[in-house]
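Report on the structure given below.
Chain IDs A, B, C, D and E follow the sequence of writing; residue 1 opens each chain.
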């Protein structure tokens, strides 16, 4: 899945009949800090996401694993609205590792050699 | 799904027999302002899209979720002709957010501290 | 599907047994003017395409939608030999649009205001 | 599959009901030397991977090949925690090849011509 | 499918139980001249490929089309060891075309106009 922001809606009258009744949204991929990225997809929506909301998008056959989109020609699905993101930068992970390691090394140094 | 513009047709006499009777179109991806992008695909068409029309293309197994293309070796399908696109730039979304927020902040500032 | 040119053959003696009897070709993607692109794939062939021919390649599960490749570990299939390509550049499409529009505008200008 | 490091968690209250009970993690792709790469995905987790751990991620329909994620709209799955990676650089492979070849060539040179 | 070279092995104790018994290899994509490319994948192996060997890798659902990997969360499969590659550059194809064409044109020129 990837993170995106709903930025619009698509209307189509002439369409494959299995699309009838499906809402199609424009979603711009965003990074973890919610900055817009290059990828834009048109995705079906089963969680009533509104324009401006940050969502999770599933692609491929995963996008049809919901009763509302089963057997429809849909390859991207908004399947969750994101409440919160909690993530660490590689630098933070490294710092946490060092913070755990250094006291252990200090303990080792403090032990008399046997 | 992605947005594209139909720009041509492909003819093939020697082909897998399950392709018989399918119309194969050349589709150039376009961005939200309909400017041509790098990706070009050959897609089957089930909505009689004409050259020049802006369409939605489904890819992968989604491209076979229509009675006309079921069990055929097709990985891209024109499944809708786009009537209208309504979208907001990230800047517009930010402006709308600020426009809602600022009066609330002004109200807060105007309240006497309790 | 994408356009490609068959540029070679792959031989493999030690292979998954379901590949037995399948011809595996090297295909270089080409653009609409048949210029070679970056992508090269190894594809199964069910239409007896020869080296040098321009073909259509299906990828993903679409590549197994033919009796000859069903249930085989194949993710790319040559499924047609291209006879002819007919396409318009975005500039040509724009010019055609203007050519249709301008006489209509001229007619409008010529009508007396009511 | 690709190598990644778990760097966070995503919370979503409003979601497709089949996602209920699934843990969704933020995974950053890493190279063989565990340096962060451009790709970041949100993946379901069935092996209780913790933040900071190096994992294998399956994508596409493979991501639903586990009893916990079957028929759910999930396109990326953490399916293993990596214990160890053993790999050779192309240079090392070349050196090993030369090390095997050169004694053979020397033997050939030492043989009297017949 | 794409061409790759096996460059290593991955070990994982904590994993989805359906992975039990599968060998997971590190594969670096190579071009037709076997030069390493950017893409590196972790692939299941059903042909006992060794480190250093040039192989064919299937991706997506194709990677589960073998009795050993059926219904396992695997999205890349080493399904053949390459014995030999035979390919032509676009320049060679062009030269071959010209070599066939020019004698025909010379014949035409040599014929008396009727």
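The working rule: contacts are C-beta pairs under 8 Å (C-beta built on N, C-alpha and C of every residue); 3 or more make two chains touch, one makes a residue touch a chain.
For clarity, every value in this text was computed on a predicted model and none was experimentally measured.
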Cα centre of chain A to Cα centre of chain C, whole Å, reads 32
When the centre of a chain is set as the mean of its C-alpha atoms, what distance in Å lies between chain B and chain C?
-> 19
Please list all residues of chain D that touch 2 or more other chains.
-> 60-61, 63-64
Sort the chain contact graph into one of these: line, ring, star, complete or other.
-> ring
Beginning the circuit at chain B and going via chain C, which chains come one after another?
-> B, C, E, D, A
Residues of chain D touching chain E in their complex?
-> 1-3, 31-32, 46-48, 56, 58-66, 77, 79-90, 93, 96-97
Would you pull the chain C residues touching chain E in the complex into a rising list?
-> 5, 7-16, 18-19, 24, 26, 28, 36, 40-43, 51-52, 60-61, 63-64, 71-76
